[in-house]
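I've put the structures underneath this note.
Each of the two complexes below includes chain A, the first together with chain B, the second together with chain C.
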Partner chain A sequence: MKRFLAGCLLAVALPLAAQDTRKEIQKYQQMIADGSPVELFELEGETLWKKPQGPSNVSLEKCDLGLGPGVLKGAYARLPRYFKDADRVMDLETRLLHCMTTLQRRSREDATKRVFGNENQPSEMEYLSAYVSAQSRGMKMAAGNSHAKEKEAFELGKAMFFHRAGGWDMSCASCHGEEGKRIRMQDLPVLSKPEFARPIVATWPAYRVSNSQFKTMQWRINDCYRQMRYPEPKFASDATIALTTYLAVTAAGEPYRGPGTKR
Partner chain B sequence: MKVLLALGLIPLAVCAQDVQKVLQRDFQPRGQATMDRVVQDGVQRVCTESNDRPPAELAKQLEADQLKSIPFPQGSLMGDWKNGERIAQNGRGGQWTDAPGAAGGGSCYNCHQLSPQEASFGTLGPSLLRFGATRGNSPDMQRYVYGKIYNAKAYNLCSQMPRLGYSGTLTPEQIKDLVALLLDPSSPVNK
Partner chain C sequence: MAAGPMKMRATIAGGNTDVRVLMTHPMTTAQSGQPLHFIQNVVVKQNGKTVIEAEISQAVSRNPVFTFRLKGGAKGDKIEVSWVDNKGDSNKIESAVA
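Now for the complex of A and B:
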């Protein structure tokens, strides 16, 4: 079915002129929204959430995502946020990793062996993020923005957003800095402006039709830095969390509508 | 930094030096994408600190330095537009997923409209449709286009266009082919 979706998209899109292509993609996204495989990812994520793993052979069901051990409803909408037990601001993936290494006592190496999946084999992190984020549907996005470390993360993320470096002298704003711009046919949202950041942040993590994969925000940032010709951001590093904090705080107030379905 | 303060520019809450330290700590080398890439050069530093609006005097001086970095080849700068079209289409080169040493592309269509046959073009840069037909193809124009592709910052310090020759993404031969794509009267760009 995945193959069919990707093939079908190309078949409709290619022969048409630029404007039409965009409309077709939108129409197509609408069409598949009902039958989007997002639900399958949520179901598999639930199985993994409840599966005993690691040396302590326990599940993640007691994982505290910020609202108390095991509380999932609305937890994702409040991330990233400061966690006292780790004395650090954490996003969803970082917190899941924290629970894997503390509750389940898995080594960090084991738990991060495969954080980004592919078309044939999604990663545990991707499944789990689908399951957890889905339980914030309809809740207003409200990332932490009061603790000193949350404010620090926001400021760092903002500075990173406008920081020009790398092989091609780019900052995030090189591509996400002006309204109405595109790379090839792909629209580039101005993520520093609330009105554009809100609908984007409220639909991640997301299933990407173009490559038939479910993707996390950690992946999105990683892949933009690849295109910017930087070295690779370390998974769950403070730098990546700072950027996500900046985006999420900028997007605050939007009701969560994810996991989304993207181009 | 001193220059900027003297010119009355307000530094960000987190300054460029701090960000660079964070990048050095939180990024890792992968493939050809090595850690030296997070060390800002003067152009990147000035553009970051001035939010891409550098003071005019400083910009002029740094643009002149960038211009000196361009090794203009002897003789004709017009290559083969057919090769140029392939290079303009190719978005690879310099990423950690690209094979080191393999020929890179210019990613031109990511940002510019060029040949009318290609409907999938980006809009980060201006349309270059009919560029040679409107601007001519005199030796000076060839020199400008070659230089612009080699080092876009020599003409506009905080341009969002990458320095494609200076960064090692494109070879001099490839840049000549792109000059032809933009300026050769038989190129589809000018039809």
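Now for the complex of A and C:
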């Protein structure tokens, strides 16, 4: 009888404990989001956006992120999207790189020398990513999904999400394919389902308080592939853009709340 | 990025002035193996008069955020926050209470 009672208690206590944990994690996330250093990255990004660079010695202020040259408001919420001038679907970092190599006439080698920074020296891409994405706060996410190349990117990204390969025979779905899973304190969202993809995609790029670094979406994808022991995906490659397109289209409709603040 | 940007927001809330300020600083601790580098003094001024003097230590995180509540105050008050670190570097920001 005693054992039976203990069993009952355990059965009741476990889901409650799980709920409390979730609540506590949410409370923690609210606390770190209030007064996040993200705003400092936005300020530095604005300085870099307006700084003349490269052989042309011009700033990025005329960069067309999809809504016209220099239009920042709401531009990030519509990315990735198809760009006629490049005849390619591009995400934010790829488009910034495009503007660096065309407007500023910097070489691709120069512009991609250091795309991922560290806590002591964040990268130009990270600062710019913070600044540009911040101009879409409150705007509904609406990545391109009508042009043939956008649809192609979505389908490729979807296939990649479920494709198992690499040293550990993993796919994105190995970790992000089942509800209620967690890695340490982080919920593992089922990113193929809109209700889970929405809050995640709407808060990237993001500042990580645990290592004081600002992380871009290209980094997020790159690091997932590192964790799955794949060969390193190329920065701004069609594959990385396709995966971001798949996630962004799946998350469509969510008001953008980034740049976010993560554990 | 010791001399990196600062950001401040000062607002009136319930008859008091709430100040929230972000600072860019590496706040390097002794354990990191890098030279010790941290903000040592923070001074808050309200219309030119010092209202807070704080001594802080390595225990504060990189890129710290501080929130202060000052008694009273009015819209348009000038709030200035400045810091000096252990290497003598400094930075400050000033804004009017909104």
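One rule holds in what follows: the second predicted complex is superposed on the first by the 235 of 263 C-alpha atoms of A that agree within 3 Å, B and C clash if a C-alpha of one lies under 4 Å from a C-alpha of the other, contacts with A are read in each partner's own complex, and residues count from 1 in each chain.
Just so we're on the same page, contacts are C-beta pairs under 8 Å (C-beta built on N, C-alpha and C of every residue); 3 or more make two chains touch, one makes a residue touch a chain.
All figures in this text were calculated on a predicted structure; none of them were measured in a lab.
S.K.: Check the contacts made with chain A and report whether chain B or chain C touches more of its residues.
M.R.: B
S.K.: Let me test your reading of the model: by the given contact rule, A:Ile221 touches which partner, first (chain B), second (chain C), both or neither?
M.R.: Neither partner.
S.K.: Between chain B and chain C, whom does A:Met185 touch in the aligned arrangement: first, second, both, or neither?
M.R.: first
S.K.: Check whether A:Trp168 is in contact with chain B, with chain C, with both or with neither, and answer first, second, both or neither.
M.R.: Touch partner of A:Trp168: chain B, not chain C.
S.K.: Applying the touch criterion given at the start, work out whether A:Leu43 contacts chain B, chain C, both or neither, answering first, second, both or neither.
M.R.: After superposition on chain A, A:Leu43 lies in contact with chain C alone.
S.K.: Can A:Cys63 be said to touch chain B (first), chain C (second), both, or neither?
M.R.: Neither partner.
S.K.: Would you sort A:Thr240 into first (chain B), second (chain C), both or neither based on which partner it touches?
M.R.: first
S.K.: Which partner does A:Ala202 reach: the first (chain B), the second (chain C), both, or neither?
M.R.: Neither partner.
S.K.: Quick check on the superposed pair: does A:Ala153 touch chain B, chain C, both, or neither? Answer first, second, both or neither.
M.R.: The answer is neither, since A:Ala153 touches no partner chain.
S.K.: In the superposed view, which residues of chain A touch chain B and also chain C?
M.R.: Looking at chain A, the two contact sets are disjoint.
S.K.: Which of the residues in chain C end up touching chain A in this complex?
M.R.: Those residues of chain C that touch chain A are 1, 4-7, 20, 22-24, 26, 61-63, 65, 67.
S.K.: Spell out the residues on chain A that touch chain B in their complex, using ranges where they run on.
M.R.: It is residues 17-18, 21, 155-156, 158-160, 162-171, 174-175, 177-178, 180-186, 188, 225-227, 229-234, 237-240, 242 of chain A that touch chain B.
S.K.: For chain A, which residues count as touching chain C in their complex?
M.R.: Going through chain A, the ones touching chain C are 35-37, 39-40, 43-44, 47, 119-122, 209, 212.
S.K.: Where on chain B is chain A touching in the complex?
M.R.: For chain B paired with chain A, touching residues are 12-16, 18-20, 22-23, 25-30, 33-35, 37-40, 43-44, 47-48, 51, 94-97, 109-111, 119-124, 153, 160, 162-163, 167-169.
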